[in-house]
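Next, two complexes with chain A in common: one pairs it with chain B, the other with chain C.
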Partner chain A sequence: MTINFDNVYLNNTSVVAGPFLYDGPLKGNFDDEYKDFYDGEKTYEDCEIKELIKSINILIKKEKNKKIDLMISSDLNNQLIVSNFASKNFGIPYLGVYNACASICEELIIAGSLLYNKDIHNIICTTSGHNMTSERTYRNPTEYGASKPEYSTFTVSSGTSCLVSDIKSSIKIESGTIGKVFDLNIKDSNDMGSAMTPSAVLTLFEHLKDLNRKPNYYDLIISGDLGKYGEKMFKELYKEEYGIELNNYIDSAVHIYNNEDKRVLAGGSGPSCLPSYVYSKIIPDMKSKKLKKVLLLATGALLNTTSVNQKKTIPCVCHAVSMEVI
Partner chain B sequence: MVIKMNADRYTKIRDKIIPKPKLFKKLLISFFIGGLIGVIGELLLMIYSSNESLSYNESSNLMMITLIFVASFLTAIGVFDKLVTLFGAGLIIPITGFAHSTTSSAMEYRKEGLVNGIGTNIFKLSGTVILYGVVSAYIFGIIRYIIFGG
Partner chain C sequence: MIFIYAFFFSGIVCLIGEILITHFKLKPGVVTSLFVSLGAFLDIFNIYDWFVSKCGAGAMVVITSFGHLIMHGAILETKKTGLLGLFSGMFSFTTAGITATIVFSFIFALFFKPKN
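The block that comes next holds the complex of A and B.
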């Protein structure tokens, strides 16, 4: 299901980076940073709420001439509690959405579609992630520290915001593909890269087919959080299934951390992994015309602890959003 | 549209790329670290039981309390989880692991209150050990009674 947009533009963005991210390879590209998982708050949740509020505040400051009509937000906590509390501070109409780590593209597609409504002009899309709150939501108590296999990923701690608007800017959101939920019987919740890869391959194929494009139409195809091994499997599976070798594809999870640090295992993950990388690396590259056409593939593993304990497979989804410099 | 991707073909790709866990190395580390904790326990037992006012049973209880205290203390100051990441099952299987899982659950949920937080969740991980410890004690007790007559 691919939608073409003709009046949707990406305006300013903001990233508040947490531990492991702020001093990684993207150091210095962030709007703000915090250095420990509490950041002066009493709980990890409060820290995540603070990081998200900070990121929204920075964006609103950058866009102070615009009237914000709506905010769409996502995080990994149960019932989106971080987004709910953060939005309480702003008095802006609010939609909470959840597609795990695929949320950013889900938000951009919803925002793009809503902008066809003549009463809506400016929409903030936010995501937040916090390594410790997601460890608690999906795995063991944070102090337990059970050893994880080297192919599992390490949730990115950051709050990200962007403004999607019908007022022209240099980056156009040109089309979006809403993916199907799909998995190939992967059950290991430590191996979300393997679980999500097939859904990402499927969405890329359908996006290209719907728009009658070849992969090399894009300067860069960038997936969300498949990790070090997922990146390899993605290329391999795409070649196996559709006979095309991708040479313009990367995974953001692999480029977000200092990979020599063994603690980050196979790389980043979480709803703010892809947007953190895109806002602090890809958007500046697009503004300086190094990249012109970029396809985002946000991948989400839609599991919860109950489904894992009941030995079910991990249902996954991937949404694509295409951005172009104009 | 029919999705033509196939789980068997994907499994082959996955097996080729995902690294195999280094089982032998991990087992070896666990074996020696677990053994080391056994040695420490034995040493503590010798020290405590050399005190004439303590019986062997009392010394053995004291030894366990010492190990539990040290493990819980290291969990509380945020060291034990790093050691677990390094040494794996060698630290988790002995009584130190039991202490660690209980303390880490208590710490995790303390902000949710004494009853609904700590009370409800403290045995979240170690409840398994308690339940199956008691059940297997019964089973082996019965076997022992039948074979050796008590």
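The block that comes next holds the complex of A and C.
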């Protein structure tokens, strides 16, 4: 299902980058950084909350002339606890949403749809990730010391925020496609790349079909967190299914870390992987007109601790959002 | 020679563990339990004792040794006191290991935080 937007614009953004991210290939593009997984807090969760608050504060400071009407927030912790605790500091009406790593596109689509309401003008969309809290949520607590296979991804630690508004800016959010949940019967919670790839391929196809476009309409198609192996698989699968070779496609997970570092395994993941990359690399490129039309494909693995322990499969979803320079 | 055997025995156990995790996609907890069961199983005909005599610490430090010691304790106590020994003797050889783990974990957890 594809929705066209005509008065939705992406304004300022902010990224607070954590360990492995702040000194990676995007070094220097972030608004703030923290160098260890605690950042002076007592627990990993407290650290994640602190970074999300920091990122929202930076954004509000950048947009101090605007009245914020709503905040939509997402993270990977149980019952969105990080978003909930962060939002209580701001007194802004709050929506917590969850689509795992696909949350950013979900938020942008919700925000875009809400902006049709004449009473709403400025919406903050935030996502938050922390490597250690998500390891505990989805796999093993890091204290356990379990080794991870090389096809596994390394959750990006960062807090990201952006302002979506109906006040005109240079980047327009032009359309969004809400994806269908797809399940390929993969049960390994370390192998989310393989699980999510088919849903991303399907959403890309449906988006292009609905809008009657070809893949080369976009300067760049960028998927969320499929990882090194997922990126290859995406291209192969798209070619196999629809006979088109994608030359303008990358996966943000592969480009966000320094890939020579063996500790990051197959690349980044998490709800803040795609936004961290987009806000610190793609948006500046769009503002300098290097890129004009970009399609974001945020992929999410919709598993939970209980479902993994009960040996259930991993259903996946992917939402697309198209951005254009005007 | 015992050093070389020790190196190879531990190395082969780790190799099997690595294969089980990466190719058979087993969870680390499952692999650990498998090795404990394997160690217990190899106590039949004293096969594991033979490994210990050849490889020394190489066979005593790895997790399979835990299964072997559980089996050993249970059998020894059963011979002495009958069927009840199966329950009372099971952890008799491993108490030192288990208690040390609990005590040291407690002490270290008081002073240190996990990093990554």
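Please note the rule applied: the second predicted complex is superposed on the first by the 326 of 326 C-alpha atoms of A that agree within 3 Å, B and C clash if a C-alpha of one lies under 4 Å from a C-alpha of the other, contacts with A are read in each partner's own complex, and residues count from 1 in each chain.
As a convention for this text, a contact is a pair of C-beta atoms (placed from the backbone, for glycine too) under 8 Å apart; a residue touches a chain by one contact, two chains touch by 3 or more.
Only a predicted model underlies this, so the values are computations on that prediction, with no experimental measurement involved.
In the superposed pair of complexes, A:Tyr229 makes contact with chain B only, with no contact to chain C. Within the superposed three-chain model, A:Asp69 lies out of touch with both chain B and chain C [touch as defined at top]. When both complexes are overlaid on chain A, the residue A:Glu240 reaches chain B alone and has no touch with chain C.
Contacts of A:Asp23 after superposition: neither chain B nor chain C is touched. Residue contacts after overlaying the shared chain place A:Phe37 against chain C, while chain B stays out of touching range.
Contacts of A:Ser147 after superposition: both chain B and chain C are touched. In the superposition on chain A, no contact is made by A:Asp210 with either chain B or chain C. When the two structures are aligned on the shared chain, A:Asp219 is found in touch with neither chain B nor chain C. The contact surfaces that chain B and chain C form on chain A in the two complexes overlap at residues 140, 142-144, 146-147, 149-150, 191. In the complex of the two chains, the chain B residues touching chain A come out as 1, 3-7, 9-11, 13-14, 16-19, 21, 75, 78, 80-82, 84-86, 88, 92, 100-101, 103-105, 107-109, 111, 124-125.
Those residues of chain A lying in contact with chain B across their complex are 42-43, 136, 140-147, 149-151, 180, 182, 184-186, 191, 194, 198, 201-202, 206, 229, 232-233, 236-237, 240-241. The residues of chain A lying in touch with chain C in their complex are 19, 36-38, 131-132, 140, 142-144, 146-147, 149-150, 188, 190-191.
The touching residues of chain C, counted against chain A in their complex, run 18, 21-22, 25, 27-29, 113-116.
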